[in-house]
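Here's the structure we're looking at; comments come further down.
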Amino acid sequence: MTEPILQAGQKAALLAEALPYIRRFHGKTVVVKYGGNAMTDESLKRGFAHDVVLLKLVGINVVVVHGGGPQIEELLSRVGKKGEFIQGMRVTDSETMDIVEMVLAGKVNKEIVELINHAGGKAVGLTGQDGGLIRASKLMINSTDLPDQLLDIGHVGQIEQVDPDIVYSLLKSGFIPVIAPIGSGNQGETYNINADLVAGKIAEILKAEKLVLMTNTPGVLDRKGQLITGLTAKEVDTLFADGTLSGGMLPKISSALDAAKAGVHSVHIIDGRVPNSLLLEILTAEGVGTMIRSH
Amino acid sequence: MTEPILQAGQKAALLAEALPYIRRFHGKTVVVKYGGNAMTDESLKRGFAHDVVLLKLVGINVVVVHGGGPQIEELLSRVGKKGEFIQGMRVTDSETMDIVEMVLAGKVNKEIVELINHAGGKAVGLTGQDGGLIRASKLMINSTDLPDQLLDIGHVGQIEQVDPDIVYSLLKSGFIPVIAPIGSGNQGETYNINADLVAGKIAEILKAEKLVLMTNTPGVLDRKGQLITGLTAKEVDTLFADGTLSGGMLPKISSALDAAKAGVHSVHIIDGRVPNSLLLEILTAEGVGTMIRSH
Amino acid sequence: MTEPILQAGQKAALLAEALPYIRRFHGKTVVVKYGGNAMTDESLKRGFAHDVVLLKLVGINVVVVHGGGPQIEELLSRVGKKGEFIQGMRVTDSETMDIVEMVLAGKVNKEIVELINHAGGKAVGLTGQDGGLIRASKLMINSTDLPDQLLDIGHVGQIEQVDPDIVYSLLKSGFIPVIAPIGSGNQGETYNINADLVAGKIAEILKAEKLVLMTNTPGVLDRKGQLITGLTAKEVDTLFADGTLSGGMLPKISSALDAAKAGVHSVHIIDGRVPNSLLLEILTAEGVGTMIRSH
Amino acid sequence: MTEPILQAGQKAALLAEALPYIRRFHGKTVVVKYGGNAMTDESLKRGFAHDVVLLKLVGINVVVVHGGGPQIEELLSRVGKKGEFIQGMRVTDSETMDIVEMVLAGKVNKEIVELINHAGGKAVGLTGQDGGLIRASKLMINSTDLPDQLLDIGHVGQIEQVDPDIVYSLLKSGFIPVIAPIGSGNQGETYNINADLVAGKIAEILKAEKLVLMTNTPGVLDRKGQLITGLTAKEVDTLFADGTLSGGMLPKISSALDAAKAGVHSVHIIDGRVPNSLLLEILTAEGVGTMIRSH
Amino acid sequence: MTEPILQAGQKAALLAEALPYIRRFHGKTVVVKYGGNAMTDESLKRGFAHDVVLLKLVGINVVVVHGGGPQIEELLSRVGKKGEFIQGMRVTDSETMDIVEMVLAGKVNKEIVELINHAGGKAVGLTGQDGGLIRASKLMINSTDLPDQLLDIGHVGQIEQVDPDIVYSLLKSGFIPVIAPIGSGNQGETYNINADLVAGKIAEILKAEKLVLMTNTPGVLDRKGQLITGLTAKEVDTLFADGTLSGGMLPKISSALDAAKAGVHSVHIIDGRVPNSLLLEILTAEGVGTMIRSH
Amino acid sequence: MTEPILQAGQKAALLAEALPYIRRFHGKTVVVKYGGNAMTDESLKRGFAHDVVLLKLVGINVVVVHGGGPQIEELLSRVGKKGEFIQGMRVTDSETMDIVEMVLAGKVNKEIVELINHAGGKAVGLTGQDGGLIRASKLMINSTDLPDQLLDIGHVGQIEQVDPDIVYSLLKSGFIPVIAPIGSGNQGETYNINADLVAGKIAEILKAEKLVLMTNTPGVLDRKGQLITGLTAKEVDTLFADGTLSGGMLPKISSALDAAKAGVHSVHIIDGRVPNSLLLEILTAEGVGTMIRSH
């Protein structure tokens, strides 16, 4: 009988280790940008859903924001449309936007809702249209060829205003909001918005304690490929300046920085490929990935 | 100046005529099955959205349930799938179900939400997955050829259980729930459910005062093609028996009858092609279409 | 069948026209000074009561303030007292004040309460004494003969303080407060106060959206007898200066102006002889009478 | 210094004596029928108002119901109407009813409201019309001359229904309801109702702990003129039977008995001529008058 | 019958006299330092408990703070420890502190709770540890012999912080908090704190209307031994300066003055040997003892 | 970096394992009888406090009931009293009861409160006197020598009634009630009650989900000394009958059985010597000790 009791003792000790973290985040809001492998690998998906439900049960208000690039690509190709990208952003004509909406709101969003509900939570899917959550406008981008010229890439949007009423209302009733990054324009037209930006803005408006961005890398790496575990705004500026940061990580860090500066206590870029990385990040001493703070 | 004032007087008189109806339905719940032309004609669409917002403002808890047949057909044909129907029900393999969900939850539902919000309401779109609203199971249908044999037509579902928490929560916070007829099975699989049935069941669970089914006919017609303005359960049985009722009206009336028997005070099959038919039905003495009561 | 449906369509369109107004005033407070013909003509009375109940049902907090000149005159003459007036104000000895109170609080107020309740509302009558609503003091008026001399005209009062608790409490419970313009002095004595002034002050204290003064004229008329539909504070000053405004309209406009300056969004002097004029003013595009705003 | 302290000690002891009574009635409802001398003598009036406010402050929900016979008589005579009585009830034509309403609702009711407010309470006057409190119908009385013939004595009413919402709403907000015994008929006509009956019915509907009827006698007297301090329903029946009870006391006791049987814990007929009799009855061991219980 | 009624009349008059005081203190908070004879004499104890319950029932939030010197002395002597005092404060080693806690929290506190409950209240005993009410630190005192040297007298504490949540929570639920003057240090160690200081600080934090310190003297006496009934901060300074105040009264007055300056409306040093002195002080015109105000 | 991440992964997996348990017990009440070694060993004490706070944070309403035998013994011997026991129960004269109360309420209870607060909770100590929680009467026991003779062993009590108001009030405000097993008699006298019985009765009254009794044994052992992990009421009866159960375990099991029969879902007798045994029992698959259910 000794053996199993010892094991049990270890379990209890590990649970007990979570106490100070639960205490600190109890009643606080955590916004999670869900994406990458964690959204495609079956085992990681289930792990994510369990993490979300557990965080909810220990008193944390979890809000999930998701993207959906690969799934969009798939349907586009099925209906015979080829994606065109300018500066990493998809040129989105009305037909493409229809596909984007259907995939994000009708497929990806509902799968996440189902996943969380299956794990015992009560998730409710939203887009920026529901309850007037996100008002957006067309994002014009600077031409890299012709200075001072703006390019119209269609239904790609930027956030104008967030009305968090529906999110508060759901949180108050114990639901877990799952948000697809679609905004609604003044004329009822819709816009596809970068999910990292949506997560950052929602975190800011909700005065979230944490913003967690799940990626497919271990976090921010230095020039030697080593993980940087913590960064201040100032240090980020240096890394931008010396070219350490580049590629897909650029917008992610920029969005993280904005949220941190706007009052979100800490922003984390974590490795979604690590099982239960969300739980690890929030409830244990083992940080995963890179933490960014304003100072 | 006399002329406009006279006009004004008429307007006021008409507004005043609505008083007893507003009084009677204030604080009550009305479930509306939205479909047909009212969902495709631009002017009728706007009229419907205005009606919903006005009913909400005069204190009625409006819940919208919608279908989406034509839009589904369109996307299916774009991805090269041909619809197959057995006994009027679409055979729905997994691939088709994906399309159904994307169209209903990602396109039709969001358009209605946007429409209502543009008219000044605060709509929130739901499917049966959100908040665990509708639990469903596979509907097996009787073969017409081989008695006692059940046919499997895929992801076509029947309602097992309704958990109205999310609907109550939204109504309490002043939102207008807009529900796509998709249910969630025990294994996380999804089902396409007849929207009339969903509307009827939701009305029943919410103890609604009224269930309004919007169609493309003037209502229930007798053998001479004349509109029947009122029917009791008993009279419906007679019409079934003598073959007056047939075709697409059959399931609609059956669903209306179930709701009426389960306690919904009155069920109305109204002509969605008449502008503002919803308002007319609820707030004026002019009934539109056929009213069905249990007795 | 065509004919009635067409009529119905018109009705619905008219109802729908009210939507933006209902939306704008939902949850707001409207104070109505009720008086003149609208208070004596049987048909206008019923129309007024219906209007009040309908406004209440569409979510507007209606507060009614009333006068009662003619009815007071009648009882005074029955008990053999002759009314004496100085500068348009009734000289009010204690015996007269008793009659004034009995008529206003015991007869006129209760008739209005009954009228509204009969139309389906839940009205509750108040005077300034109930719940300590209006504290008043004696109004001394300047002699027109002897400068610097003040005349005592008895129990005619001016408002010292308003404690709106009882009004808020009734509104919160869904009742419609109906207020007789009587104030209570420091020694428990009572004062008759001009009903327009009471309505204006109550509107100001309640931060009302609208103050509506019902009269027996089409509104403010210019020198040619034409209705002026809109006036700013500045324009009113000009009209005062050039003598366009005079007679009974003077105190009414003065009171309207005070309310507008104190934050009531708009004040309306409307023609109570037009049926349902209250509804017309608030819920349709047809303004009736003159609107006064601070700028 | 000894002397005043001794006095003080006595005071404190007397206050302390009230403790068990305050404890017992805290949060309970007491309905008081206010009338007779206590309503005309200046010093008794002030004493009554102080008692009511003190009871309110120690946590008792006080509801006052009042009559007003003498004041009605006075105005009737001033307008030249002579009161006619059948079986002790005033024959009340419409003109008389107008006078009754004006006196009760416009004069007596407001005086009591003012009196209580002056003592530091927050009273609100009501008639049975306010908030639809009392629905009444015409009381037909049996002719003493012709058996089986009913006499119509005009606007004298009996209670059909009580809707206590407005009373609960006022009590909940800390106000003291003061009720004039006027009921409202189906056609909007009004009825004068015996105040003892109104008090009894209100006590019953509110499930009051106590009903206190203030009179101008020491209470119920036996044949020798001695005060009877307590009576059960059974004992009352005996007194009725042997003719001990008669005259004006009859309806009072009958009303008391009805209330007691309907669940009011105790009914008290007390001597309103004794200063602070209300306080004495409720907060001290010194009962005043006669207590009636169901058994 | 005349005789008892007369007596009753006097009682009622005395009760009525309390009205203005009840009105003034209704809903306000009164902190009482309970100690001295009032805590040892059986009859005074019962009187105190009745006073507390009566004050609670008339709507006053009573909070009791108590000391316990004599009882501590008794147990210390039983376990063979001799009390040592420096500058009037008990030198408190850990063993002594254990005794102090056991007596204050386990004996004296519970006796007061029981006493109040027996009188019909619902008291709940607390120490500064419960709900983290009082955080304290070690009080170092100045040596009288060696200037600039601080003496360590063990577990005698000073208040660092008060977290009134538990007190508010109990008051809101209708309970009467009874507080033993023990504070909790950063390392979980406990401190004995002067009960007058605790009462003063609690009164300040709760923004109490009154602080009442019960003593064994008639109040503050002047040089001729006459009671001073009222003192301002300035007058207290004079009395300090001229040496009128001295001995045990010094810290009491100092604490009273601090509370008065920090916003407690009035502080009273009253004679606990007078029966029901608490009631007398709060609910009658007979002040007992000395009242101290900031100005 | 691989190594720590692997460790982290294990941690996360273990945390995730707690999910179903947290889900099941969220919002439920767990009563813990705290005693034995877990109350004396410093490390076990801290572990217990951490467990309680963690359970509270994951949404479980924890109520602690404690004993205190050894500490009582110690003080008794210091004051020169020798404990006398009859049938395992301490003969408790008034002087002894004083000691018992001081130790339980003034020392043990406050230490537990401090311990939990130090771990980040907000504990509040209670005895059965606070808020009238436990009403008790004297327990008379049967003489083993003389049949039919009852022995009086002083202030040893049995529970007559539990008024859980104070416990509900504290739980609702987020506090953790810590209860000393002292009850209050009709005359204000106090009784020492067996802590297992108090825990069982409190669990029953609160309709607790679980009752956990912490002991110094691995649980219930069979005749060969092997742990029995689960028992039904029926099986307990058999063990009683065949003499397997005896000694100190008898009353514990009897109390467990009563609670189980009265509706507590499961009762656990666990080994308090195992670190974090409380957490293990409630949040992991590793049961510790013996579970008793009604069937």
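Per-chain residue numbering starts at 1, and chain names A, B, C, D, E and F are given in the order in which the chains are listed.
Basically, a contact is a pair of C-beta atoms (placed from the backbone, for glycine too) under 8 Å apart; a residue touches a chain by one contact, two chains touch by 3 or more.
Just so we're clear, the structure is a prediction, and the values are computed from it rather than from any experiment.
Student: Which chains, if any, touch chain A and chain D both?
Tutor: Under the touch definition, chain A and chain D have no mutual neighbours whatsoever.
Student: If you walk from chain to touching chain, how few steps can bring you from chain C to chain E?
Tutor: Step count on the best path from chain C to chain E: 2.
Student: Which one of the chains is farthest from chain D, going by Cα centres?
Tutor: Centroid comparison gives A as the farthest chain from chain D.
Student: Go ahead and note the Å separation of the Cα centroids belonging to chain C and chain F.
Tutor: That gives a centre separation of 69 Å.
Student: Rounded to the nearest whole Å, what is the centre-to-centre distance of chain A and chain F, using the mean of the C-alpha atoms as each centre?
Tutor: 45
Student: Mind checking the centre-to-centre distance between chain B and chain F? Centres are C-alpha means, answer in whole Å.
Tutor: Comparing mean C-alpha positions, chain F is 57 Å from chain B.
Student: Using the touch rule from the top of the page, what residues of chain B touch 2 or more other chains?
Tutor: none
Student: Using the definition of touching given at the top, classify the network of chains in this structure as line, ring, star, complete or other.
Tutor: Topology of touching chains reads as a ring, each chain with two neighbours.
Student: Could you walk the ring starting from chain C, turning first toward chain D, and list the chains encountered?
Tutor: C, D, E, F, A, B
Student: Can you name the residues of chain F that touch chain A in the complex?
Tutor: Per the stated touch rule, the residues are 1, 4-5, 7-9, 11-20, 22-23, 26, 47, 50-51, 53-54, 57-59, 119-120, 218, 227, 274-277, 279-280, 283-284, 286, 288.
Student: Can you list the residues on chain B that touch chain A in the complex?
Tutor: Spelled out, the residues of chain B in touch with chain A are 75, 78-79, 98, 101-107, 109-110, 113-115, 117-118, 122-127, 129-132, 165-166, 169-170, 173, 175, 182, 184, 188, 190.
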